[in-house]
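Before anything else, here is the set of structures, which you'll find just below.
Both of the next two complexes hold chain A, though its partner changes from chain B to chain C.
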Partner chain A sequence: MNRSHDHEMAVTLTQGDRSRRAFVATLRSHVLQRMAGELRQHFEGTVGPEHAKSGAPLETPEAIHEAMKVEFPFKAYSSVRTAAQEMVFDVVSDAVDRELEMLNEKAAQPAKTGTLRLDPSLQLPKSVTGIDVHLSPGSYHVEHAEADVSAGAVYDNSIDVFAFGQFGKQHNDIGSTLSNYLRLKFPDFTPASILDCGCTIGHNTLPWAETYPDAEITAIDVAAPVLRYAHARAESMGVAAHFKQMDATSMAFGDEQFDVVFSSMFMHELPLKHLHQYLKEAFRVLKPGGILWQMELPPMNAMPNYENFCMNWDTYYNNEPYYGTFRRQDYQQLLIDAGFSADQFVEATMPRYTFIGEEAFGEAIEDGNTFDTLTGRMDPKGTRWYGFGAWKR
Partner chain B sequence: MKAGRPAFFSDPEIDRLLAIIVRLMTEHSVLNERVKTLEALLIDSGAITRETLEAFEPSEEQDAEWGQERFQLIKDVLESGANITKQ
Partner chain C sequence: MTTRRIPRKRRGQRHQFFDADGVDEVLSCVLRLTSEVSALSERLYLTERALEDQGMNVASAIESYQLSEADESVLSAERQRLIETVLAQLGASSEGAESIEDDLSVGS
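So, the complex of A and B:
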């Protein structure tokens, strides 16, 4: 029978499952490529010039949003995009529901290489429990049975539908790209311990073990179902990693434990207060000589107005209320506030490592940073990830 | 459309969306009956079983071709009589 993934936590797909997934992935791609393209044309050809002519040019992403949200193409784009987003989780849940009992049993098998430490006493932040993030029912944390992995399984299955393959074959491109950037850019840096914060199913944790095979890999998240799944997934892929249920804004680790603190698509889900707490914690647990290195959405001040308007769609309409505030911050100042020195700031825009390979990647990261329509977006023409962080000296 | 398109709801955009849904229902029904016909004929003839049907995975070529057809379907539906992406 046909399986959703190459690892043992994969689910068996019927012909109908595959057809539905393929269709919704195509629909997502259509919305984000073709419909978004038409929307841009409508702005550049009609809405923008009309406002400029009437003496009220649209000079901020908020002003563009106000002007566009009454336009039919924007309503159509948003309405279809919302329906497609809901369908992502809807169409992958069928197979997970059918096999949930078996998945939960598999996840409960004794570990061979890594570990899983859950903390049932951990209080989940209201910013997590109060929101179905990304319109995903139950988000990452809701449990439907004892020792449940369903939220992790749904997430793993949703990635290819959501990103129509743009996150790489093992959904690991972000982790692979950021870790290989460090390896190639700083060849003398050989981290012995790496921490991934807000790791969900560990898809961007495991590539660090590939890039730095001698390092000990630890990953934390507040949500138990995704951690159980992450652990079982890593075990079945033969990668040793230590998953712990822990809040990144208040870590149980001692000072100066890690050479790398990493996160991906994490900070933009945090309220500003938690973001500051997390970065202070990251600074505390880093060893001197270590680096905080994280994939995120590019900052608003580096991106053109229209791109910011496009990216802000998620904060208005995709249950990501903190995303807009995060992108408005000065990222370097955030790190200075957490204890890092201004002159130790590092940032980069990077092509996708698993898509273009070592040689082309190595050349591209010498070219300097580019902030344009491909930066931080999912585009088959060539997404560019944005990373920032700082050395702790 | 020459001489305009009649609208019945307070907001004509609702008429345009309904047109899209109706178009989609038509396609869905036609396809559903076509598939049921093929399945019945093939299972009756012994050419396939329910199990081989569920286990079928398209080849790379089929996958690419069907992917193009999915894009075409989305385009046809969303840009049918009531073009959703154009004012």
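So, the complex of A and C:
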């Protein structure tokens, strides 16, 4: 029998599931590589030069978008990309639907190493409940059975198809990359307590336990189904982590509890007001001498116009309404507003640790930052993740 | 109808990219259909290989096969599933709250 993952919360895949998943992954990679490449050629070869010739050069991502959205290649790219995005969740839901009871039973087993604490009274933010984020039906929080984990299972299964392998074998590359970056860059810094905000299924939470085996790992999210799944997944992988249902904009932790507060691909899903509240909370729960770090999309001002136009696609068409606003912020200023000092700001681009290994990674992070077409993008040619943060001194 | 508990259609309007109504949806259907065709041909390929391993040439056996009632019901359920999959974006929006994404787009 084919299993979706090598942990206990995996689902059994029929041959049909496997074929459909492979097809959609191939389709996604076709859109994001081949069709996107043709779109760029159309811009660089035709649309860009034509506008320049007519005396109205396209100098902002918004201007590029206005000019491109009437072009056939853009319409075709966008239409196929939307359909492919919808298909990701559709094809993976079949197997999860079939095994939903079994998954929920497994997730209800008593814990061996970590903990799960849900808070049924928690008021979920509208930014989560009001939209089906990145076109996933039911988003992170909708439940289809008692004590349901299916949103988590769908998410876990969707990653392979969505990212066509670019997030690493256990989907943990971002967490693994960041934790190893800190370990190698700051060898004297040995965090005892680590907090992941907006952890979803904990795929980028767990690698911290490997990098810092003595640290206590806590992770929060507002959505119960993904947390139940995260907990069960961690238990089955034998990693001790503490999952709590909590809003990152108003955390139930006391002051100065954590040496590391981090998030991965979390901030761009927050409305600006919540983003400020989250950072203030992060500052509050951080110990003096601790570090806050966000793995995120690179800021608009660091990236070329055409790249920004590409990234804006998600905010216009992929139900990521806050993504554009977030990328327009001055990230350093965001942290200053939250209480960090300007001179404690840090940012970095990092190659993928689980892809290139310790030695090459160690060398690469000494080279400094590169902002190019691979920064923050999923690309088999060699993604570099982007992150920023600050020490609390 | 197959029982699907996890909704397959997101809330809210789909974006229209092509000027003419329905083109985006038709494209979606075509892609879904292609996915099904791909899955099917992979299965057929595997069937032939598996049988070949056992020294069987099935081509002529397939041509003379008589469908039983049970066969009919399996094939009929599969046809229905195929149609639901291919036409998934053409139905009305799934139940639940209306999307409020437009109010949220300013990041309040």
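By definition in this document, the second predicted complex is superposed on the first by the 393 of 393 C-alpha atoms of A that agree within 3 Å, B and C clash if a C-alpha of one lies under 4 Å from a C-alpha of the other, contacts with A are read in each partner's own complex, and residues count from 1 in each chain.
Note that contacts are C-beta pairs under 8 Å (C-beta built on N, C-alpha and C of every residue); 3 or more make two chains touch, one makes a residue touch a chain.
Only a predicted model underlies this, so the values are computations on that prediction, with no experimental measurement involved.
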item	value
Partner chain in contact with A:Met35 - chain B first, chain C second, else both or neither	first
Partner chain(s) touched by A:Asn2 [first = chain B, second = chain C, both, neither]	first
First, second, both or neither for A:Val80, with chain B first and chain C second	both
First (chain B), second (chain C), both or neither touched by A:Leu27	both
Contacts of A:Gly289 with chain B and chain C, given as first, second, both or neither	neither
Partner chain(s) touched by A:Glu71 [first = chain B, second = chain C, both, neither]	first
Chain B versus chain C as contact partner of A:Pro49, first or second or both or neither	neither
First, second, both or neither for A:Gln15, with chain B first and chain C second	both
Comparison of chain B and chain C by chain A residues contacted	C
Partner chain(s) touched by A:Val91 [first = chain B, second = chain C, both, neither]	second
Chain B and chain C footprints on chain A, overlapping residues	15, 23, 27, 75-76, 79-80
Chain A-touching residues of chain C, taken from the complex the two chains share	3-12, 14-15, 17-18, 23-24, 27-28, 31-32, 34-36, 38-39, 42-43, 46, 85, 88-89, 94, 96-97, 99-101, 103-108
Touching residues (chain side chain A, partner chain C) in the complex	15-16, 19-20, 23-24, 27, 74-76, 78-80, 82-84, 86-87, 89-91, 93, 96-97, 100, 126-127, 129-132, 135-138, 142, 144-145, 150, 154, 271-273, 317, 319, 321-322, 325
For the chain B and chain A complex, residues of the former touching the latter	13, 17, 53-57, 66-67, 70-71, 74-75, 78, 84-87
Complex contacts: residues of chain A adjacent to chain B	1-2, 14-15, 18, 22-23, 26-27, 29-30, 34-35, 38-39, 42, 46, 71-73, 75-77, 79-80
